[in-house]
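Quick heads-up: structures coming right below.
In the two complexes below, subunit A is the common chain; its partner is subunit B in one and subunit C in the other.
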Partner chain A sequence: MTTLDTPRLNARPVPNPAKSLITKLNMGTGVVVGAIFAAATYWSLYSLLSTYTDKVRDPLTSVNDNKILLATMFMWSIGFLVGIGAFIGPWRWLIGKDLSDEEILYMAGDGQGWKRYFKYCTDHKVVGMQYLVGVMVMLGVGGTMAMMIRTDLAHPGAKFLVQTVYNSLVGLHGITMIIAMIIVATGPFGNFIMPIMIGAYDMAFPRLNALSWWVLFTAIPVLCSSWILGGIPTGWTAYAPLSVQAGPGMNAFIATIIIFSVSTAVAGMNITTTVVAMRTKGMKWNRVPIFVIGSTISVALAIPAFPTFMASQIMAGLDRTFGTGFYETLQGGSGWLYANLFWIMGHPEVYVILLPGVAIIMEIVPVFVRKPLFSYGAAVAGMAGIAGLSVLVWAHHMYVAGWLPSMNGPFMVTTEMISIPTGLLFLVIIGTLWRGKPWMKLPMLSVFALIWNFLIGGITGVYLSDVPADNYLHGSMFVTAHFHYTLMGAALTGAIAGLVYWYPKMTGRMLHERAGYISFWFTQIGFNVLFFGMFIVGAEGQPRRVLDYAALYSHANLISTLGAYSVGIGMIILLWAVIHSWRHGKIAPMNPWGAKTLEWTVPYPVPLTNFDELPVVTSDPYNYGKGVSS
Partner chain B sequence: MSDHTQEEQLSPTPGERATHFLTRSDVRRTTLLFVLWTSVFIILGNKFYPHFMPRIMSKEMASSEKIMIWFTYISAPIAGLVLSIATNAFLNMHRGDTPPEDGPAIRNNPVIVGMWTVGSLLFVLVAIVWGLLEVNAQSIDAAANASKAVTIDVTGSQWLWTFYYPAQNITTHVLNVPVDVPVTFDVTSTDVNHSFWPVQLGIKVDANDHIMTVAHTTPTVTGPIDVKCAELCGLNHAYMETTGNVMSPSDWNKWVEAESGKVS
Partner chain C sequence: MTTSIHQSDSEFHVHHDSDAAVGRRERLGVRLLIVADGSFLASMIFSYFYLRNLNNNNAWLPKGVNHFSTASAWMVAIPFIVVAIVHRFGTYDKHVRVITSVVSVLVTLVGIVYQFHQMSHMPFMAHDDNGNSFFNGAYATNWVLIAGAGMFHYLLTFFIALGILIRTHTTNVSPELEVWRQKTAQSWFTWCAIAGVLTAITLSII
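Then we have the complex of A and B:
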């Protein structure tokens, strides 16, 4: 474990930057080396394979093209990491040495100003900001694709997009948003805020922390390359055998998931270890802020889930490059194998996304209602119960797949059971609101939005978990509306609440309040219009992922599109508020909300090692309130 | 005043506590909001699905719609409780640049947590038992009707549905079925995964690559049906749809007679 030792580092002189290779490396060198690795791989494999077959000269259709493209994408990622200096530390270990103290301090970004955001920086606050910007870019790109999809669906007749573009948009919107939503809370706030919340100097593994971000960063151009290579025709689920027969753009999807899974595993281990091992003195488990508990359960859940996703894509890649036939019935494989592997990841992943968002809301409510969090034990039990059950429900996505119909009943039971721990989370939130007088600032407003959205998502989820109802609703727009209510209406609302709440600590400024309110109402009203329209067309029988539809569904689709535009306007206003306030916002006091968690005890800018002396915790952070009542 | 009298004054009876609780203004307002929100969800369940879902043309479709309506009814009091407390808090908001005074320090209430958990469990048990009984009833129906069912081989291929009636030796791209006669669909695909969805019949099953899956239904009403693909299957997925009819016995016989003579 390499962590910064505050007293030791404070005694060290500033290093001479000219002495170490580390000082010369940054994102630019990473891109150059990555491009060289990618080009060298492409041309060497092209030359090698064309020696043995003429197929490689066909326009990107043969298995050899898949081999070349996949290898090129992986080598880009490795080359970038070499170029930015990610392997300098491991290389030193390999030759029996280690980084000097000066180099460790340099890697932590000390005294480098804005340049540290473009380096392999181990400071958790820098990594948190890198994740924040990365998430905003991904949400922007994914949101733009959603606007294009909704524009096409505004009227029947598919006048705006052609099929290939529409199908690719559906898939790329899905996977971009899923990746963004997986990291939307645990990336920025799990890295920037969480170590301070538990009273730690740093993360447990600072170099792995930087690695998790930069590995993820390398996946972004890989995913974007899918457009140049013809897109993906499969939706984000990438079901086989459609993914095996798909064009070269599918390679980008496969490589993205494999790279992203590495990033997630690294981040998950790092956050889990940090929370388990580095809580400050006195921070017993029942005094840990609920956001930290939610994030830890979320990333711990991701640790077993994402390797399965990775395995599913490795096998898809092997089918495409070597014809292994894992998913080809005529070769002895099965598309059901893929569906199982995918959903074994896919349903826990829903809760990987959801839990941190709800945990943020549970963190916010006591602060703004000035009451203790109601039943901390129920909150922990609810999140742990959801995590435990979530690994046993994956096949409810496969009720109509024809795979083992006799298991539909057991999976229906486990899926319905998840309502019980989910209900506990509602109880904690409304129990904290009970007899409270909420301070109606922007983060608090999001609490009410989440309650409504999560409730609608939850109730409609009960229908979908029931086999006879799912026989009708599966694959329809109703499902799309349901999961957007859960992932966007609850998880993203929670994450935006977290952004507004922690913005003063992360930037030193208050978010533009009026713009925030305007954004909130545009987004939330638009969101409900958008997805209520989608519930209607789903109930009427419109399948999801279609670029055209019958006239019967036209009114509700138009309403949905208008709602989507309202969400788009709301998000643009929020983006403006975030960027504008970053430079011109009102200077934030150290603790603008009067909260009692540890991050509000440190100044802005947060010192490199967070605390001069580690704090001692003597109670939980929710000791608000007067007297005891019921 | 004796200690005994003081104790009596400080400790009201459970009945008095309940009376005091129920007459509190916030409790009365929350109760009113509870009735309001619960009614909204009951009306929603009662109107939304019957209004928007397609015509019910089979027992399976009737079952799907009934579940959605009744699950909304059952959810209504839970949604009503959550939203009434949230709405009451919203209406009780504090505005300004300084936080409000601290509220009552209610850290836990094991009785409420226990009641909530038991209530959730009952809700879940109703949903589970209802679902299992329905699944079981459909399985029993399918087994009992196997010998008298009309069998149709359904093949999905990019991007066309083909229906073969083995007993009648008919191949067509339009799905016709007789009313009040059990139908068994043997579904497969020649390429990628599709999902066979005769919408008004309320059933759906994936057409998997060279694997046969089965779905059963008993149409109960005559009329037109739409057949769609509910699984993204590539370029023209949106247009992989056809139509069909649930036919009266006489129409069915006429259609079979006319089609049997054709060379497919």
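Then we have the complex of A and C:
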């Protein structure tokens, strides 16, 4: 047995050539090198391809320009990673000079203050905070687009936006929110909190942890560039062959998805390995906090799911640039190939988003009811069952597309079967609440909000999984309302609950409670007003993704828009509370909620290696009301 | 959650965990990435057989369009198989590792050159009225993606094989951890061999 090597923690970088390079690299050098790579690629390819093109051409519509744009976007990403120092580790491995202890410590951000947030920092707490800020920015941008869409739909007649801008807004809002929601819980909390919850010093692969964030970061300007390039006219699903025929903005979508898929695979592998291999002594599988289980199932599901999404976009990119015909019927391709690849990822992705949010709620309930989690085994079985079934349901998105009608029945059955494990999750939450006396603090409000929203989202999902009902409702606002109830009403509500719950541990301060309450009611009432109206107009026949609509639907749409503004106000208040409390909030005690999981045993700021010495776990994390712990 | 202080048998950072713990963890991580890569491969194979069976417009392999021979598909897989077998011999013996690493690097280079040669001599290209080249048929379309993925496997294998070769002489990592890393590399090489065989079988069914 050995004890912690304390002197090492206080070690400081020693000068050597490689070290000095690490110390000089940061986000700024990343941007500069990325811009140089991008500019050099654009210029050299433009010159090269123009040499072989003897005709005057529109600079932004030809096949060659798609090649130039896609190559430029990828080289920006690679250049940025070179510039921030992401490849120093692999390079040093290649030449047989692995990073020294001091270099590892420097990369962990030891003693670098706020500057470490702008470096290739391997500390999982720093990566968690980077994800948190990134997610908030993405939700802000996506939410602003939603406000613009709802403003346009407030009255029939479409006077606010023109058609092309509206189409692009719908697509960009969709993909921005999907990306944000995929990382909304596993990004900030899976990185900052989860390793501490399992009693680990760090993530399994700290450098890959930083890589997953910074790779994702490079995708943000790429996605934003689609505005300059004419937008995304296809919606976030980017169905082929429409996406193959779309303008240059589509290149940004394709590049974003490919880059994001790399980030997701790396992050999923890292989180899964950490949980499997780095749990502290005594933390058997039945003692792992339920949030950790939910996050692990979520990212483990993402590992095989997202490469199919990546493949679908690589194929679209090749069709646009190199003359392949994956989705071109004349060349033997098929749009159904895209639909299959997309939805083989697309439906598991719903649960990649949902499971961590619900798991956060299951983590919170026992703490605020002071009761053990009702049927831990059912909670795990429910989440595992959902994950397992989610890969067998993809074709329910294609009932009306005409693909393999004989399979509609089996896919309807598998889809409806998902209700069973989902019901287990409700059972666990309600069973824990049953006859309890909830401590009605801010995080607890989200528990009730999630039960309500997820119930509506789930039940309307059963309608949509039914083939005859889907034939009527497909492509209508009913679908929009359903998946917003699931993804926003359940998953985002769970993530916000997580933010409020773990805010004291992440920032050392309590979130402004009154602002939190006001934000909660504005958001939840507004959300239900916004999307319940959509169920009504959807059932009456209003199509989704369409700029204008018949006067018949005008009242419900106006009410929906007012609900959207209420959500917007609620989110702005929450944003203010987060920023204000970060600097001026009440200093938080080490364990403000009296919870029993390990993250509450460490002080703020959390030490670089989380624990002075590794803890040993001797009981489950929810043993409330079972006597005093020894 | 009841806890007590555990006198750690691992040190303050990942780097200071026991070699076996670090090694197992790295191998698990690589195997999970192989799952992701396997999913990508499955997508390609699905695309190949889906479009082959649809044969839209009779354009899977239009009349008069050539294709690669079955043998050429297997020629791409053979270097992967050789590397996977050869590397296994060098895992535990540093002296043998020099020879096996040199062989791995050279065989991988041969594979890269062969794959590049194939990609620069594709027999199914055509040109439209504007002079833009395109892939004539869905077989051609799928072939190029599979070949590109094969090239990606080759380049990554080359990077790892070269690293192993260089590290037989210069490394500041403990020998035990280095053995674990050989095992981790073996996981990748074995997967590449399996992927090579699967793509060869796929491309043999024209």
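In this section, the second predicted complex is superposed on the first by the 602 of 630 C-alpha atoms of A that agree within 3 Å, B and C clash if a C-alpha of one lies under 4 Å from a C-alpha of the other, contacts with A are read in each partner's own complex, and residues count from 1 in each chain.
Operating definition for what follows: a residue touches a chain if its C-beta (ideal position, glycine included) is under 8 Å from a C-beta of that chain, and two chains touch if they have at least 3 such contacts.
Predicted model only: the values in this text are computed from it and were never measured.
J.: Quick check on the superposition: with subunit A as the shared anchor, is it clash or fit for subunit B versus subunit C?
T.: In the arrangement built by aligning on subunit A, the partners subunit C and subunit B fit side by side.
J.: Examine A:Asn340 and indicate which partner it touches, taking first as subunit B and second as subunit C; both and neither are also allowed.
T.: second
J.: Which partner does A:Leu330 reach: the first (subunit B), the second (subunit C), both, or neither?
T.: both
J.: Taking C-alpha centres, what angle do subunit B and subunit C open up at subunit A, rounded to the nearest 10 degrees?
T.: Once the two structures are overlaid, it is 110 degrees.
J.: After the superposition on A, what does A:Trp285 contact: first (subunit B), second (subunit C), both or neither?
T.: Touch partners of A:Trp285: none, neither subunit B nor subunit C.
J.: Thinking of the overlay built on chain A, is A:Val413 touched by subunit B (first), by subunit C (second), by both, or by neither?
T.: Touch status of A:Val413: first partner only.
J.: Under the stated touch criterion, which partner chain does A:Pro621 make contact with: subunit B (first), subunit C (second), both, or neither?
T.: Touch status of A:Pro621: second partner only.
J.: Go through the superposed model and pick first if A:Lys437 touches only subunit B, second if only subunit C, both, or neither.
T.: First partner only.
J.: So, A:Lys371: does it touch subunit B (first), subunit C (second), both, or neither?
T.: First partner only.
J.: So if I take every C-alpha atom in subunit B and every one in subunit C after superposing, what is the smallest distance between them in Å?
T.: Nearest C-alpha atoms of the two chains are 9 Å apart.
J.: I'd like to check the shared interface: which positions of subunit A are touched by both subunit B and subunit C across the two complexes?
T.: Looking at subunit A, the two contact sets intersect at 329-330, 334, 623, 629-630.
J.: So in the complex, the part of subunit A that touches subunit C is made up of which residues?
T.: Touch list, subunit A to subunit C: 1-5, 8-9, 63, 90, 93-98, 100-101, 104-105, 108, 199, 201-202, 204-206, 208, 265-266, 268-270, 272-273, 276-278, 280-281, 287, 303-308, 310-312, 314-315, 318, 322-326, 329-334, 337, 340-341, 344, 596-598, 601, 609, 613-621, 623, 629-630.
J.: Can you check the complex and tell me which residues of subunit C touch subunit A?
T.: Spelled out, the residues of subunit C in touch with subunit A are 1-16, 21, 24-26, 28-29, 32-33, 35-40, 42-44, 46-47, 50-51, 54-60, 62, 128, 132-142, 144-145, 159, 162-163, 166-167, 169-173.
J.: Of all residues in subunit A, which touch subunit B in the complex?
T.: The contact residues of subunit A facing subunit B are 158, 163-164, 167, 170, 233-235, 237, 239, 241-242, 245, 328-330, 334-336, 368-378, 400-402, 408-409, 412-413, 416-417, 419-420, 423-424, 426-427, 430-431, 433-440, 448, 451-452, 455, 459, 462-463, 465-469, 471-476, 536, 539-541, 543-549, 593-594, 623-630.
J.: In their shared complex, at which residues does subunit B touch subunit A?
T.: Per the stated touch rule, the residues are 26, 48-49, 52-54, 60-61, 63-65, 67-68, 71-72, 75, 78-79, 81-83, 85-86, 89-90, 92-96, 99-109, 112-113, 116-117, 120-121, 123-124, 127-128, 130-132, 134-135, 138, 187, 191-193, 195, 197, 199, 202-206, 208-211, 213-214, 226, 228-239.
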